[in-house]
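Before I ask anything, let me first share the structure, which is written out below as C-alpha cells.
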Amino acid sequence: MAKNFTYNRLDKNNAAVLLVDHQAGLLSLVRDIDPDKFKNNVLAVADLAKYFNLPTILTTSFEDGPNGPLMPELKALFPDAPYIARPGNINAWDNEDFVKAVKATGKKQLIIAGVVTEVCVAFPALSALEEEFEVFVVTDASGTFNEIAQKAAWDRMSQAGAQLMNWFGVACELHRDWRNDVEGLAKLFADHIPDYKNLMTSYFALTARKPAAK
Amino acid sequence: MAKNFTYNRLDKNNAAVLLVDHQAGLLSLVRDIDPDKFKNNVLAVADLAKYFNLPTILTTSFEDGPNGPLMPELKALFPDAPYIARPGNINAWDNEDFVKAVKATGKKQLIIAGVVTEVCVAFPALSALEEEFEVFVVTDASGTFNEIAQKAAWDRMSQAGAQLMNWFGVACELHRDWRNDVEGLAKLFADHIPDYKNLMTSYFALTARKPAAK
Amino acid sequence: MAKNFTYNRLDKNNAAVLLVDHQAGLLSLVRDIDPDKFKNNVLAVADLAKYFNLPTILTTSFEDGPNGPLMPELKALFPDAPYIARPGNINAWDNEDFVKAVKATGKKQLIIAGVVTEVCVAFPALSALEEEFEVFVVTDASGTFNEIAQKAAWDRMSQAGAQLMNWFGVACELHRDWRNDVEGLAKLFADHIPDYKNLMTSYFALTARKPAAK
Amino acid sequence: MAKNFTYNRLDKNNAAVLLVDHQAGLLSLVRDIDPDKFKNNVLAVADLAKYFNLPTILTTSFEDGPNGPLMPELKALFPDAPYIARPGNINAWDNEDFVKAVKATGKKQLIIAGVVTEVCVAFPALSALEEEFEVFVVTDASGTFNEIAQKAAWDRMSQAGAQLMNWFGVACELHRDWRNDVEGLAKLFADHIPDYKNLMTSYFALTARKPAAK
Amino acid sequence: MAKNFTYNRLDKNNAAVLLVDHQAGLLSLVRDIDPDKFKNNVLAVADLAKYFNLPTILTTSFEDGPNGPLMPELKALFPDAPYIARPGNINAWDNEDFVKAVKATGKKQLIIAGVVTEVCVAFPALSALEEEFEVFVVTDASGTFNEIAQKAAWDRMSQAGAQLMNWFGVACELHRDWRNDVEGLAKLFADHIPDYKNLMTSYFALTARKPAAK
Amino acid sequence: MAKNFTYNRLDKNNAAVLLVDHQAGLLSLVRDIDPDKFKNNVLAVADLAKYFNLPTILTTSFEDGPNGPLMPELKALFPDAPYIARPGNINAWDNEDFVKAVKATGKKQLIIAGVVTEVCVAFPALSALEEEFEVFVVTDASGTFNEIAQKAAWDRMSQAGAQLMNWFGVACELHRDWRNDVEGLAKLFADHIPDYKNLMTSYFALTARKPAAK
Amino acid sequence: MAKNFTYNRLDKNNAAVLLVDHQAGLLSLVRDIDPDKFKNNVLAVADLAKYFNLPTILTTSFEDGPNGPLMPELKALFPDAPYIARPGNINAWDNEDFVKAVKATGKKQLIIAGVVTEVCVAFPALSALEEEFEVFVVTDASGTFNEIAQKAAWDRMSQAGAQLMNWFGVACELHRDWRNDVEGLAKLFADHIPDYKNLMTSYFALTARKPAAK
Amino acid sequence: MAKNFTYNRLDKNNAAVLLVDHQAGLLSLVRDIDPDKFKNNVLAVADLAKYFNLPTILTTSFEDGPNGPLMPELKALFPDAPYIARPGNINAWDNEDFVKAVKATGKKQLIIAGVVTEVCVAFPALSALEEEFEVFVVTDASGTFNEIAQKAAWDRMSQAGAQLMNWFGVACELHRDWRNDVEGLAKLFADHIPDYKNLMTSYFALTARKPAAK
C-alpha cells in the first residue's frame, strides 16, 4: 500500500497561488464556514502568498454584476498581480489569459482557493491536474453552500489526485524550517490564529520581565 | 499522483438525467437533508435538465403502493419524458425498459439523483459504471435515512468511479460560459438559491436607478 | 404555579402582522436558519397574513443603501399595506408613522417577524409590550447571525412577556377549527411544508382511484 | 428565590394521560427527534400509562384525511379508552367531548404528549393551565418540525407554568419507590431503554451463575 | 476512471452474515449511534439474515467477563447458528473455528456487523479481504466510541476494498425485485423503519375503504 | 426587573454537597455528556467538596442490582461521609435517613449532582426547594439520556428557583479570593482542566528559568 | 403577562462597559465560541464602547500568573481607562477599587463581557443586580468551557434579571437612529461583520459608477 | 476490488511510536477534539507504547518559545526515550537525529500521533511513507484547529497509503489475543475508557460476592 509513493511536497520555489472569485457578492453564498473565520482564512492565504513571495494570480467572474467586486483587501495586497476579470468562463482554466498567466509563472505546483468550492476551485483544479500540474486545494479558504457540497467537491478533487490542505499546513510545508525566519512566520500566525497570538502574548510578557543581563 | 488523470467533465451534448423514485411516500424517509432544502434541490435538478434540454428519464418503484406517486412537479415538467413505473425491480438498471431508455438517449454521461441514495441512486450508478458510462451523482438531490447511510453510499459510489457533485456544480459544468446565456442561468440560480436572488434584487435596484442614457 | 394564568391566544379578529426589515441585503446576515428554509418561512407568514386577512405593516431600514430593498415577494403580496421606509430609526417603534399605522389597525395582538431578531424584532417587541400590546414573535421567520444571538434575543423577549411561536403555530392558533375552511388551510400548509404536501399527494392519489359511485 | 415554592409532583392517583394526534401522517412531520427514538418514546408513554393504570385519553385530528390514522399500537393498547376523533378543532381543548372526557377522569394532573408540539400539545396545555390543571409535558414523546419550533413551544408552555419532563422522569415520579414493584418498573425500562436492558442482561447472566443454594 | 469496474453486488445465494461481539457490556461503549436506533439496526440485520435465509455466524469475545453475554435477541433468532465464543482472539479471523465456520458456508460474500467497528468489524474484514472474500460492512449496525473512531475505521476498510453499506441497502441489494415477495420485504421494513410503517398504515387505511368487490 | 434581587451566593461555611447515584451501571445511561468529560467533572465536584471541606453525602439506588455500585473513586474519597444506600426510594429526599443526614449538616445551601438529571437530581432538588433550602445544581456533573431530557430537567429546576451552575463556577464562588490559597485552587484546576494545566506548565517552565537571585 | 413591563433600554448617556478578564491565558479556556469569532466579538465591544464614548473599565485576575496579560488590543484602545488588576478577588465586584470605579461613572446601566462567563461575568453581574444596577450581558463577547457552562450561566443571570444581548444588539440599542451618524456606525459594522462589509463593497462599487453629476 | 490486498497489520515486534509536538502551548490550538478527551487519548497512546514495550520517540518544536514544553506526563513516562528537541525543522523527518532515531529502532511500522495533525503528523507520515515505512496514524491522539483541517489532513494521508486508526484499535491490533495478558490490557482500558471501567466495576462487584470456594 505504501509502495511507490512520492511525497509531492510544496516547494516555495515551485509554487504559485490562484485566488478564484473571492467576490463580495459570491461570499454571501458561503455557508459551510463561519464568515469571521472564512475571511480570516482567505486573508491568511493572501498573506502567506505575499510572505513567501509566491506568484499570485487573481481572477473574478462577472464582477460588474451581482457577483460583486473582488474583496478589496486582495486587490490592495496584490496591486501588480495578474488580474483576470473573466468575461464569462465559469472554469477559470477555460480562459486563455488565465492559463497563460499560470504558465508564465513557470511553477508546477498550484495552491488554489476560491468561492464556491465545487465550481471556482474544483473546475480549474481538475483542469490543471489533467495538464499534470500538482494541485493543492486550500480547503479552509474555499467556501460553498453547505457541507454536502463541500464534501462532494473534496471527494471529486481528491479522487483526481489533488491534495487537500488548510492554509496553516500550506504555510508550514512551504516554510520547512523556523530558522529560515522565525519572526516572519510568527507574525503570520499571530495575525491569523488568535490562540497562537495568545501564546506569544503570554510568552513575551514573561520573558520580557527577565533581567536584561541575561 | 496527478499522472494520467483525465477530467471527464460534463458536456451538455453528451449527458442525460435520471430521476429515480422521488415519490411522495419515499420522500418521508429522507432525513439527511432538510425537507425545504431537499425539495428545492430536486426541483433545481429538474429545472436544469429542462434548461439544458437534457434527455431526462423518470422512474418510480411501486407507485400505487405506500411508496406513493412521483412528485407531481416532476410529472408536470417532463410530460413527454420516458416514464418507467417499475413493477418490482429495486435497481432501476435491472429493468430492461429503463436501460433501453437510457441507451436510446445515446449519451455516455449520466447525471443521477434519487431517493434513497444507497439504493435508488447507488444501484443504477454502479450498474452504469460497470457498463462504462460516466456517472455523476447529484448528492444534494439524493436523500436517505441519516448521515451514516449517506456517507457509506457516497463512499461506495466514489470508490467505484462515480463523480460526486451537487446541482449547482452540475449546472455550472454544463453551462461552461455565462455568455452562452446570462439570463437563463441567472433565472435558474435566482429560482433556487435565495442568497443569489438577494444579490440580484439589490443589484437591479441600484442599477435601475442609473440614468437611462447609459 | 399554574395559578392565575390567562391563555392569551391569537384571535384573528384582534391580530396584526408586522414584517420588519426582510431586505435583500440584510438577509445575507441571517445564519441561524438555512436560507431555503428561511425564505419559505417568511413567505409562509406573509401568506398566512393574507389568508387570515390580517392587517399587515411593512417596514424597512435604509432600503436605498447596502441593506437593500424589501424582498420583492412581500411588496407584491401587500401592495396596499402601510409601508414605512424608515429614514433612520433602528427600532421601528421609534418611528411615529409606524406606531400610528400599528395603532390604526385597532388590534391588540401583534405578530412580529423580522431581520435581525435581536434588533428589528426585539426592539419593537419590547416597546410594544411596554405599551401593553400582546406580542407573538414568529421565531422561524426571524433570523440573525448565529445561535448565540438567537437564544439571547429569545430570552430577552420571553422574559419581557412576549410569546415565542413558529409560523405553523400562529396559523393553527388563528384558524382554530379546520371546518372554518379546510381547503384554504390545506393549501397554505401544502405550499410551505413539503412533508404535508407529500401526505396530500399520496392521499389524493389513493382516494381519487376509488369508484366514481362513491 | 426558593421562597414559597410548592413541588407539584406527579401522583399516580391524581394523574391522567392525554395522547394527542400521534397519527401516521402527522408523524412524518416530526424532525426534531429521530424516528426510531420517537416511536420508542411514544410507546413508552403509552406503556407507562398502562402500567400505572392512569386514565388515558386518545384524540386525533381529521384521521380520515392526509393526517392519517392513529398509530395502531396506541389503539391496540387502549381499546376502551375515550377516543375523540375531532371533526375539526385544532386545539383538542376546544372539543367539548375531549374536555368532558378529561374532567370525567376527576384528575387534576395532566400528562400530555402529542404531534406537533407547538400545536397539538401546547394549545391544550395552555387551555388546561388556564383552568388550573397541573400540566406535565412529555417533551420526548412530543415532536415537531425542527429545533426552533421545539424550543419556542417549550418556552411558551414553561412560562405559562407547565412542567417540562421526559417519559423516564414521569415514570419515576409516578412510581416513587422501587419497592412498590421492582419487576414491573424494570420491565418498562428494559423494554424502552436499550442501555438499561443491557445492564440487566449482564446482571442476570452473572447472578444466575451463582450457586443454586443461594 | 469508470474503466474496468465490476459491480460486485450482493447475491443472496452467495452471501453469509457475521455478527461479531454484539454483547451487552460492549454495547455500552457505542456512542456514535443513538442506542434506540442502534439496537433497531442490529435487529434489522439479524432479521434480514433470517429472512433471506443467509448462513449466519455468531461470535463473542470473553462473554463471561465484563464484555457481557450476547444480546439475547440474537441468540434467540439463531438457535442453530455456529456460535463461536472466542476464548481470547480479538480478531475473530484469528480463531480457527470461526474461519472454519465461515468457509463451511461456501459463500464468498461476507456481510459483517459488530461492536466496536474499528476492531471487531475491521480486523476480520481486513483478514477476509486478504483471503479474497468480498466484504460488505453494515455501517449502521456497527458501533464505536465516537465519530473519529468511526470515520477512521471506515476509511481503513474502504481503502482495503470493503464496500460500506447500511442494512437497508443490504436488504434491497439481496432482494433485487419486490415481486420475489412483497409482503416479506414490506414486513421487514415496517418492523424496522417507523416512517415506512407509517406509510403502510396510511395506505392500508385508505385502500381498505375501497369496495369489497375489488 | 432588577428590583429586589438577592444574590444567594455560595458560602463555604453554609454549603453541603449531595452526590446522588453516580453508579457504575447508571453511568452507561448518560449520553448528554461525553464519558471522559463526565467522569472528570464528577471527580472535580468530589475534589472540590474535599478541598473546601464541605459536608458531603453519598447515596445510591439499588446498588446490588443492575444499577451497580457507586463509582469507587467516590467511595475512596469520602470514606467517612454519610452513605445512604436507598432500599427503593427513587427521590432521595423521600428517604428519611438521607434528609436527616442533610439536615444534620446544618447547611442551607445544597450543591447537587447526580445521575440521571431529571430524576436523581431534579427530584431531591425540588423537594429541597420546597423546604426552603437554596439549591445549586452542578449541571456538568449531572448526566442523562440526551439533550431533550437535559434541557427539560434544567427548565423544571430553574423555574422552581434552583440555580444552574457548573463545577468551575461552584469552586470559584466558594473560594471567593485566590489569596485564600493560591496553590490549592490551582491544583484543583490543573487536575481537572487540561487547558489550565497547560497554562501552568508553560508558565512555570518560563519562570523557573529566571535567575535564582530574583 | 405583558402587564407592567418596563423596557429598560440601553441609553448611551447612562451606560458603562465592564471588560472582565479577557486575558491571553484565560482565552485558551474558551471553547463555546470559535476563537476567530470570539476575538472579533470582543474587539467589537471594545470598539463600540469607544465609538459611543462609554466609560469603560478594564480588570484582570492575576495577570502575572498563568492567566496571562490582558489582550494587548484592549490595553491599547483604552490607555486611560480605569484598570484594576485584581490581586485575588475572583468576583470583580468584591474588589473595592473596581466597584468604586463603576460607581464613579455615575451610570446605572452596565454592559458586561468577560471570560469565563459563569464566573467573571456572572458573579459581578449578580452583585450589580443586587445593588439595583441594570445589567446587560454581551453573550457573544463572553466565553466559557462548553455549551453546558454557557447555558447554565445564562439561565442564572437571566433569572436574576440580567438582559442577555449580543454586541450587535447593544450597538443598535445605543445608537437608536442611523441619522445620528451613518458613517460611524457603518464603519463599526464593516470592521466586525464580514457580511455587512460585503454588502457595502458591492453597494459602493455600483453607486460609484453613477454619473459624477449626482 | 478485493484483489491483491495485503493486510499490513500492526505487529508489536515491528512497531515504533512517534509522539510529535504534544506541547503545552500547541495543545491550546487543538479544537477538533474536546480537551478532556484529547488528553486522555494522548496518555492512552503513551501507556500502550509503554505496555507493549514499543520503542518510542519524543520530539518537540521550539519548546523554549511560545509552543511550550512537552506535556510533563510524557516526559515522565519515557525518561530514557530518544528525545529530539528540534531547533527549527517543522517536519520532524527533516531532522537527521529524528530519522536516525527512527531507523535505529529497526522497526518498519510507525504509529504516529501529534499536534497539529496536518503538519506535525502529516508531514513525517508522508515522508515515512515515501521511504516505505508502514504508517499508522492515531487519529484520536492527534489534534488540530477544526474539522476542516482534520478531514483534509486525514484524506491526504489516507490517499498516500497511511492507515487511519484510533488508540483503541492500535492497542487491540498489537495485543492480538486477550490470553497474552488479560489483566494488563484490562488495566489499560479501565484507565482510559470510563465505560469499560464501569463494566469492570459492576462485574467485579457481582463476582466478588460469589462463594469463596469457587
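Residue numbering begins at 1 within each chain, and the chains themselves are lettered A, B, C, D, E, F, G and H in the order written.
Here is the rule we go by: a residue touches a chain if its C-beta (ideal position, glycine included) is under 8 Å from a C-beta of that chain, and two chains touch if they have at least 3 such contacts.
Labels paired with UniProt names: A, B, C, D, E, F, G, H = Hydrolase.
Remember, it's a predicted structure, so these values are computed and weren't measured experimentally.
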| item | value |
| --- | --- |
| Count of contact steps on the shortest path from subunit B (Hydrolase) to subunit G (Hydrolase) | 1 |
| Lowest number of touching-chain links that must be crossed from subunit C (Hydrolase) to subunit H (Hydrolase) | 2 |
| Inter-chain centre distance, subunit E (Hydrolase) versus subunit G (Hydrolase) - centres from mean C-alpha coordinates, in Å | 54 |
| Chain centre separation (subunit D (Hydrolase), subunit F (Hydrolase); CA means) in Å | 30 |
| Residue list for subunit B (Hydrolase), restricted to those that touch at least two other chains | 1, 6, 25, 28, 34-35, 68, 146, 159, 163, 193, 195, 198-199, 202-203 |
| Parts of subunit B (Hydrolase) lying in touch with subunit A (Hydrolase), wherever the complex brings them together | 1-3, 5-7, 9, 33, 137, 139-140, 154, 158, 163-166, 168-169, 172-173, 175-180, 182, 186, 193, 195-196, 198-200, 202-203 |
| Subunit B (Hydrolase) to subunit D (Hydrolase) touching residues, read off their complex | 28, 31, 34-35, 146 |
| Subunit B (Hydrolase) contact footprint on subunit A (Hydrolase) (complex, rising order) | 6, 8, 25, 28-29, 61-62, 65-68, 87-91, 94, 116, 118-119, 122-123, 126-127, 129-130, 132-135, 145-146, 148-149, 151-153, 155-156, 159-163 |
| Complex contacts: residues of subunit H (Hydrolase) adjacent to subunit D (Hydrolase) | 199, 202-203, 206-207, 209-211 |
| Footprint of subunit G (Hydrolase) on subunit A (Hydrolase) - complex, ascending | 24-25, 27-28, 34-40, 68-69, 71-72, 193-195, 197-199, 201-202, 205 |
